[in-house]
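In the two complexes below, chain A is the common chain; its partner is chain B in one and chain C in the other.
For the complex of A and B:
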C-alpha cells in the first residue's frame, strides 16, 4: 500500500480518517441529539491515555483500543448524567469544565506522565499502510452506522429531543435514556478515535487534548452542518488536511478555524450541508421557472 | 499569617475576575448570549494599556484610552457580530463567539508577535507594607480600582435614569420598550460598559505580570464563564461574590489541592460540583 500511494499520502489519509471518526463521534451527541459539548477532547484523551497506557504495559493493540473506548464511554456516561441536570448554555459550560478538569487532573498525575505525557507508544503491528486501511475502515463503519442510526427509531427520538426536549418528553420519548445513549456512544467512539490517534503519532501529552482540540472537532461538525453525515465527513476531511496541503496555513490554522467557525454561524448556520441544500433548491427553482 | 497573605492574593485575583465577569454577566442578562469573545477585549485592553503607557509614560492616560477604545470595539462587536444572529438558537451565538475569540487571539499573535509585550518602565512596582504584608502598589491599585469601577457601576445602575432604564430592560425588554425605553441604546451602553471594565482588567493584569501576550485571555475567558454560571447567569451581585470566592479558593487550593489538580482546574471542579447540586447556580434565581 505504502509503495503504491507514497508514505506521505498514507499518513495524510490516516490523519484524515481519525478526524472523520472524531467529528462523527461528536456529531452523534451534538448533531443528532442536540446536546452541545465543548469538552469532547476529554473523551478523546481518555481513550488515548487508556489505550496507550495499556499497550505500553504490554496489552495487545486491539485489547488496548477496546479498553480505551470503554473508559471513554464510562466517562461519557457520567457526563451524560450531568446533561440530565443542566441544559443548553449550562450544559455547554459544564462540558467545557469537564474538558479543563480532565486536563488539570492529567497534568498533575505522575503515573500518567504528567506534563510530559506518554512517549514511545508501541506500534499497532499493521505497518503504515495496514494502519491506514484499518482507520479508513473504522471511519467508514462509523459513517454507515451514523446513516443507519439516523433512519432508525432511535434517530427519530434523537431528532425529537434535539428539536424540543420538552415536547419530546410530552409525547412519551424517554429523553433521559436517549441522551445517555447518545453520550455513551459518542464519547465511546471519541475514545476509539483517541486510541487510534495515540498509536498513530506514538506520543501523547495533556496539551494534545485541550480546549482548542475540542473546538477543532466542534468546528468540523459545525461547518459540516451539525447533523448531516456527509457534510460532517467532508468538513472533517478537508479541515484536517488543509494545513498539510498549504504549508502557509499551518501558521494561520487557528485563525482559519476560528474565522470559519464565526463566519459559518454568522452567515450560514446550516453549514456546508445547509449551504449546498440551499444552492440546490435555488437551482431547481430557477430551472422550474425557466421556460 | 500565611493564611492572611493567601487571602489577600485571592482578593487581588478575585477583583480581576470580577471586572471581567461583570461584563459577561451583563451581556448574558440582556441578550442571553455567552459572550466568549469578551476575553479578547480584555486582552486588547492589556495591549492598548502597555502601548500607550510606553508611548506617553502615563498609566492613567493608558487606562482611560484602553477603556474608551475597547468600549467602542465592544459596541462594534455587538452591532456586526451578535445583532444579526440574535433570533437564532443560543448555540449559534455561543459558537460564533468562540470562533471570534480564537480568531482575535490569532490576530494579536500575528500583529504583536507570539512573545508578548512588556512595559519599558513598569509603573507601580514599589512595595507597600500594609498590615504587616508586603504588597506591590499595582496589587493595591487592582483592588481599589476594581472597587471604584464596580462601585461606580452600582451607582450608575441604582441612582440614575439611564441605570433605571437599563435594569428595566434586563428585567423585561418588551415592557421596557413599550414604556419608551430605547432598548437598542441600552444594548450599546451595556456592551460599552462591560467591554470597558474588561479593558481595565486587562491593563491591571498587564501591570501585575508586566506582560501582555496573545493568549492571556484564554484562561480568564473560560473561567469567567464558570464564574457567571456560579453567580447565577445575569446576576451581577452573585457574579461579584463568585469572583471573589473563586479568587480566594484558588489561592488556597493551589497550596492544598496542588497534588490533585492544577490551579486552573479548581474553578471547573467547583463549577461542576455546584451545578450538580444546584443547577441554577450558587446564588440567586433560576433562569436557565
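For the complex of A and C:
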C-alpha cells in the first residue's frame, strides 16, 4: 500500500480517517441528540490513555483498543448521568469543566506519565498501509452506522429530544435514557478514535487532549452542519489535512477555526450541508422559473 | 386488577396541594374520574386548572396528596412513564416539534411502542404503519390535508388540533385536553367538541379543560369546578352551573345576579 500511494499520503489519510471518526462520534451527541459538548477531548484522551497503557503493558492491540473504547464509554456514562439535569449553556460549561478536570487529573498521575505522557507505544503490527486501511474501514463503518441510526426510531427520538425535550417526554420518550445512550455511544467511539490516534503517533501527552482539541472537533461538526453525516465527514477530512497542506496554518489554527466557526454561525447556521442544500434548492427554483 | 381498583375511578386525585413560593395554586383538591366519562374541568382564569393538569402529567410534583391511575400511584413517576401508563395530554400552549412535519409529529407518538427502549428503536427503520395511523388521527381532527406541512407555517387553530392528534396517537386510557377549542372559530369549535364527544362514546375517558362553556355544557357528562385552587363544585353540568357558589366565582362575587 505504502509503495502505491506513498508514505506521506498514507499518514495524511490515516489522520483524516481518525478525525472523521472523532467528528462523527461527537456528531452522535451534538448533531443527532442536540446535546452540546465542549469536553469531547477528555473521552478521546481516556480511550487513548486506556489503549496505550494496556498495549504498553503487553496487551494485544485489538484488546487494548476495545478496552480504551469501553473506558471512554463508561466515563461518558458517568458524565452523562451527572449532567442529566443540565441543559444548553449549562451543559456546555459542565462538559468544558469535565475536559479541564481530565487534564488536571492526568497531569498529576505518575503512573500515566504525568506531563511527559506515554511514549514508545507499541506498533499495531499492521504496517503503515494496513493501519491506514483499518482506520478508513472503521471510519466508514461508523459513517454507515450513523446513517442507519439517523433513519431508525432511535434517530427519530433523538430528533425529538434535540428539538424540544419536554415535548419528547410528552410522547413517551424517556429523554434521560436516550441522552445517556447518545453519550455512551459518542464517548465510546471517541475513545476508539483516541486509541487509534495513540497507536498512530506512538506518543501521547496531556496536551494532546486539551480544550483546543475539543473545539477543533466541535468546529468540524458545526462546519459540517451539526447532524448531516456527509457534511461532517467532509468538514473533518478537509480541516484535519489543512495543516499538512499549508504549514503556516498550524500556527494560525485557532484563528482559522475560530474564524470559520464565526462565519458559519453568522452566514450559514446549517453549515456546509445547509449551504449546499440551500444552493441546490435555489438552483432548482431558477431552473423551474426558466422557460 | 383487583375488585377494589375496579370500583374506584380510573384517575383518583386525593388531597393534591401545589405551592409556588408563597402562592397556593392548588389547595387540597380531590376528585375522581370514572372510566368512560367525559369530565369537564372548569373555573375562572387562575383557578388552578392547568396546574392540576400539569400535576397529573408530572410536569410539576405536588407538595402533598396523591394521584392514582387505574389504582396505581403515579405521584412520583416521571412524565414519560405516566404517558406509557396511559395518559395523553394536549397542551394549552402548543408545543409542536418544529423540526418535523405535521405527520412526523403524530407518527412519533403513534410509534410509542417503538421508542420504548433505545436499543430496540435502533433496530427498526420502518415507519409506514405509524405514518398511516398518524394520518388517521390527523383526519379525525380534520387537518389531514396539511399532513406534510411544517408547523412553523401553520395557524394556531391547526396547531391546536395537531396537539390533540398527537395525544390521540398515544392511544391513551385517559385523554387530558387543555383548552382544545381555544383559537378555533365557532364552526371549528363545535366540530372539535363533536369529535371529542365521539371519541368518548367509543370508550375513551376524557378530562376537558375549556373556557367555551356552551360547548362544555353540550358534551360533558359531569363537571368539576375549581376556583382559587379549591374545588368548589362537582356534579351534573346543569346543576353545577345553577349553584350559587359557582355562579359567584364565574361572574364575580357581587355581579352574580346582575349578569344572570
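Rule of thumb we're sticking to: the second predicted complex is superposed on the first by the 291 of 291 C-alpha atoms of A that agree within 3 Å, B and C clash if a C-alpha of one lies under 4 Å from a C-alpha of the other, contacts with A are read in each partner's own complex, and residues count from 1 in each chain.
Following the convention adopted for this analysis, a residue touches a chain if its C-beta (ideal position, glycine included) is under 8 Å from a C-beta of that chain, and two chains touch if they have at least 3 such contacts.
Just so it is clear, the structure is predicted and the values come from calculations on it, not from any experiment.
When both complexes are superposed on chain A, chain B and chain C sit side by side without a clash.
Once the two complexes are laid over each other on the shared chain, residue contacts for A:129 go to neither chain B nor chain C. Of the two partner chains, neither chain B nor chain C is touched by A:243.
Touched residues of chain A were counted for both chain B and chain C, and B has more of them. In the superposed model, A:173 lies in contact with chain C only, and not with chain B. Angle at chain A (Cα centre) between the Cα centres of chain B and chain C in the superposed arrangement: 80°, in steps of 10. In the superposition on chain A, no contact is made by A:270 with either chain B or chain C.
In the superposition on chain A, contact is made by A:149 with chain C only, not with chain B. Once the two complexes are overlaid on the shared chain, A:164 sits against chain C while remaining clear of chain B.
Nowhere in the superposition do the C-alpha atoms of chain B and chain C come closer than 12 Å. Residues 148-149, 151-154, 156-157, 159-160, 162-164, 166-178, 181 of chain A are the ones touching chain C in the complex. Taken together, the chain A residues at the contact with chain B in this complex read 36, 38, 82, 85-90, 92-94, 96-98, 100-101, 103-105, 107-108, 211-212, 215, 218-219, 222, 252, 254-255, 257-266, 269.
Residue ranges of chain C in contact with chain A, taken from their complex: 57, 59, 78-81, 83-84, 89, 91, 95-100, 104, 108-109, 111-112, 114-116, 118-125, 127, 166, 169-170.
Chain B contributes residues 32, 34, 81, 84-85, 88, 90-107, 110, 218, 222, 225-226, 229, 233, 258-262, 264-269, 271-272, 275-276, 279, 288 to its touches with chain A in the complex.
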